[in-house]
């Protein structure tokens, strides 16, 4: 039995529940999935500032996971916050959901479109696409302008997102859709059914990528850049 | 239960056995793996000519698989021959072992080195790395100059390959090794143990990539380029 | 006197006649042009599958040409099928019509547009543009949605293609048009006259590229990747 | 009079003094330079983990600067930590020292080499070079394997770094050197004198870049991605 | 006191006055700015031909500057004519206004749009963006179709350019505007005020870049390509 | 009968003779070749300054050619000076020898090496390779450090260049050699015979490229950037 933590790097527990369910729905019999909510940081991640401030909470969760011998991790936010640092801390593989979703989409056609929440996060998605070598497949990044925490509560959310996906397919002449937020994970099947193209949720994709790496016995290389970071005495924020 | 065919696009059955075993060793409980040998074409693939001539046999196998309702396919040659055409024929996902190995390696560090058989195949590997967006991770491609069918019989093969991997790590300052031939699949664990870095065999990696795509319910998009090819009356080669 | 074979890699002889005429119209006095029809394979090439299945017939033609001491070859299909393999087999130069057309267009302005037959072939054209380094000049690839074998029979074909070219020039703000199918070769002059921009037919362009290479005494390098492929015993397709 | 804060995102005050002095040495008469030490986080930044953990302290300093009406900021660590987030928080320009140094070097020749501290930080420098469009000028990244806090105390530091620079010039055939750590700022002139090529210290370069932007009346665009982040209630780390 | 020559490489003295004023408006107290008009060549630069023919006049001005010990130079035409050659001649730094404007814009957001004069100059701007590594930031190049010498006399010029900038921001979804002609330098502040985004004039930007390089003690590297050119006896154009 | 001018953009007539002979040796029966020496400018081109100063003389020659109805032009210097401007002036095609040589080499293998004269010209060759899309084929640029005008007089020139080519093939693992100076044109066959790989002389290659374009009836597009430049009153250099 291998254990994977699917870490929600924001502090909203309801979102962790959705994420955990989506991960469990695809995990194999030998895999135990645990949804983990970041203990401090922003309630949702919608700016570079939010993302930067979510990283210490995420890394704190990774440290706890390492203490408990967790085998691999999913970072369940489409900005893949803290991925490089997490790889230094964890023995086992760590995969971001943007990373997994984009790689997965590249196997299914020549080009995909990303549909995300707020337009201001599009730049980060573009950076990640390039960083992973996936910009040659990423034909466009589109925003539906629904805030992360409204994905659950806005009754029209799925409809708006579906229409944004439909437009993206036309505009970009793409083959598949990547959903650009962990909070959209549970809409994946319905949107795919509506549009008749592959729609990729990064939470499920990343869960299986981590599971596969564990099965293959593969861990982040410690030969150079991703070796454990040198131990240091950190100054804590004073609280007063 | 889902069924995956791992197709060896050359006609050497012994190699299929090795490949099948490596695929089975990592497949999940709900996955049935069948190794399939191409019924016609070259006994090994070591030139653009060999590769081109292997494709009809591979596509013939895909057609047979489709008749039998196979859920997904691995193309078990590091040149990923016929991948685009196979995706047009198959309903389910089709993954090449170079594709899977390179994507997998990109999750484990900043750069990988490929170690392949004959130097004349290095160009094809470079083409594929670029095609998949993986050239930014692929720091070098190296040949051990052992012919494909000698991998099994040359008693020094594993030692020579291990040394080539060691040199590649140094020369390229890379984090991981990608083995550049399906015939090296069974050496993967030993080389990794010797070198202390992740070593990726594409056969195992591709098997899990296909399995994951099936679990995710994802198939090649038929929206455009990869829709089923138009039916045509082909002229057969006359045999006399 | 040097001899160039212009090989039509589909089996439609009428198309070979058109191609041969276009090649002859530009060849120099010391060059003998022979149009050669592939003896087996698809009647037209409109999918990755068609293209893959056309390659053995093409390579068979190259082998026959080599037996007869042919000096150079044009592959007269815009997908440039089997080009790398053909270069391994042939002593003299081998040029694809997409290759020649794109290179030629790059000498005439900052950017060109490709106008091809079916939209599903656009991906292949994009791959080739990148492979030849011509994507920086290729500003767009457009389809007229006329099937290859209808180019000859559809009375509106030339008009439709001309309009597609006109739109492409506007959309892409490009300087020249590349015709994306050997079957359009005989429309080249008329479309150029209509539009007032350079329009490039790859058949004529490739014929002169091969002729030039022969005049220069240049052949495909055999130093590495494109040396003659190792001889092997191939398994033939059983016919029953 | 305009005010620029040069923020050292690690907690080592001695390093801030060096940095502040280097910034002051180049600032114009109308510019007031203040060196600011991060109030919490790592004592030096030598891993992705260190860098991630330095960002909240850096952003806290930016917030304080905004409260005081500071006109622009330098992030004085060669990993340019938190740059995107800082740009969301600050009204005035924010420049990283890697950013400034690389841009500056690109004005002085065709290629530069970076010489940094520990090899494990080379990956981050490469990421930044690409992000800024400077990888076409960056011919190599080299490590001298002196830890950041030893730059001051190791009596051989300057000599070792000078030799690393000399080797880098030869290996990369480059025109200039970029020093890859704020802690090397005070060695810049001496190394340049020794080697006879331009040597760029990012602290001085970034100070003048910020000063120039202020003079030009230019601020980070708030049209999209870098608008002020949405206000949110953050969960604080519990301290017990 | 350092001396910077801002060279207008066309022969229109009125344009030099505007340029000189814009440069002086931003220069520091220790910097003396001199506007210099090219003594021979075209009255404005609006083609590759104009640009090529402006270079000898520009280089002649640089030679005179060197005789007088000038510390640095701005080439005040958005095609940055003769930049590489000027760097060979000058001891101090030489910066083109396209170079400076694009680098500056890259510090202020993810993407900028260029708005230039005639459409036929857009290709040159694209070449420069790539050459400087700035094409990843340059989201579009747009023409207002006002000839260079009409910028001053056309009463609607500023309005037309402002509208072109507004459209460019929308079309490209960019963060900032780069003005693509030295003749637009004096419109910069007004357009920025109208549009609410950073608008960059290369004359001012380049002046401060040169000033900063002088302050930093940095000169073009003479290690290789940009060493002083070998002395030769040139044949002069016969005048009869 | 079509007429091609092969313009030597330096003023050394002996070099023009060599160039003219190499062009004539490959031209077809219907082509008349004229070697033209630039009437003013540098005696050889070995710096950015030389190159810039050679352009007016080259363009003057093009103007004379246009007056005489010349059908196409070769610019016979490996820096391809003034190519864009020449295309504006000439009705017929204009090809640079670096352009033609690199394109030609790309048809013969996966990668070529350039061997040029002085190291200081390597940067220009790299710029051109990128500009033409040929940098993916250009594996290295090497200098033999023989000055252009010594190519004829140094008795060891051919031997030194041959050795530089041999080393380049090894270092770059390339398939072919591009000779990086018009002054090497007459050594091409001998070096190829010595090394057993294709060696490309740009003078011959460009001559046939121009001849082919003329045969194809293709001219530089005048749709946009390369239309005739607007007429202007140029200020002449005063001679006193």
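Some observations on this one:
By written order: A, B, C, D, E and F. Residues from 1 in each chain.
Basically, contacts are C-beta pairs under 8 Å (C-beta built on N, C-alpha and C of every residue); 3 or more make two chains touch, one makes a residue touch a chain.
It should be emphasised that the depicted structure is a prediction, and the values quoted were computed from it without experimental measurement.
With centres defined by CA atoms alone, the chain at the far end from chain E is B. Distance between Cα centroids is largest for the pairing of chain A with F. Centre-to-centre spacing of chain B and chain E amounts to 53 Å, using the average Cα coordinate of each chain.
Annotation: 44 Å between the Cα-based centres of chain A and chain E.
Of all residues in chain E, those that touch two or more other chains are 110, 123, 224-226. Listed in rising order, the residues of chain D touching chain E in the complex are 26, 28-30, 93, 95, 99, 103-104, 106-110, 132-137, 169, 173-176, 189, 192, 196-198, 200, 204-205, 208-209, 211-213, 215-221, 223-226.
Across the complex, chain F meets chain E through its residues 11, 39-44, 46-53, 55-57, 59-60, 82, 84-85, 87-89, 119-120, 122-124, 127, 130-131, 147, 224-227, 229-230, 232-239.
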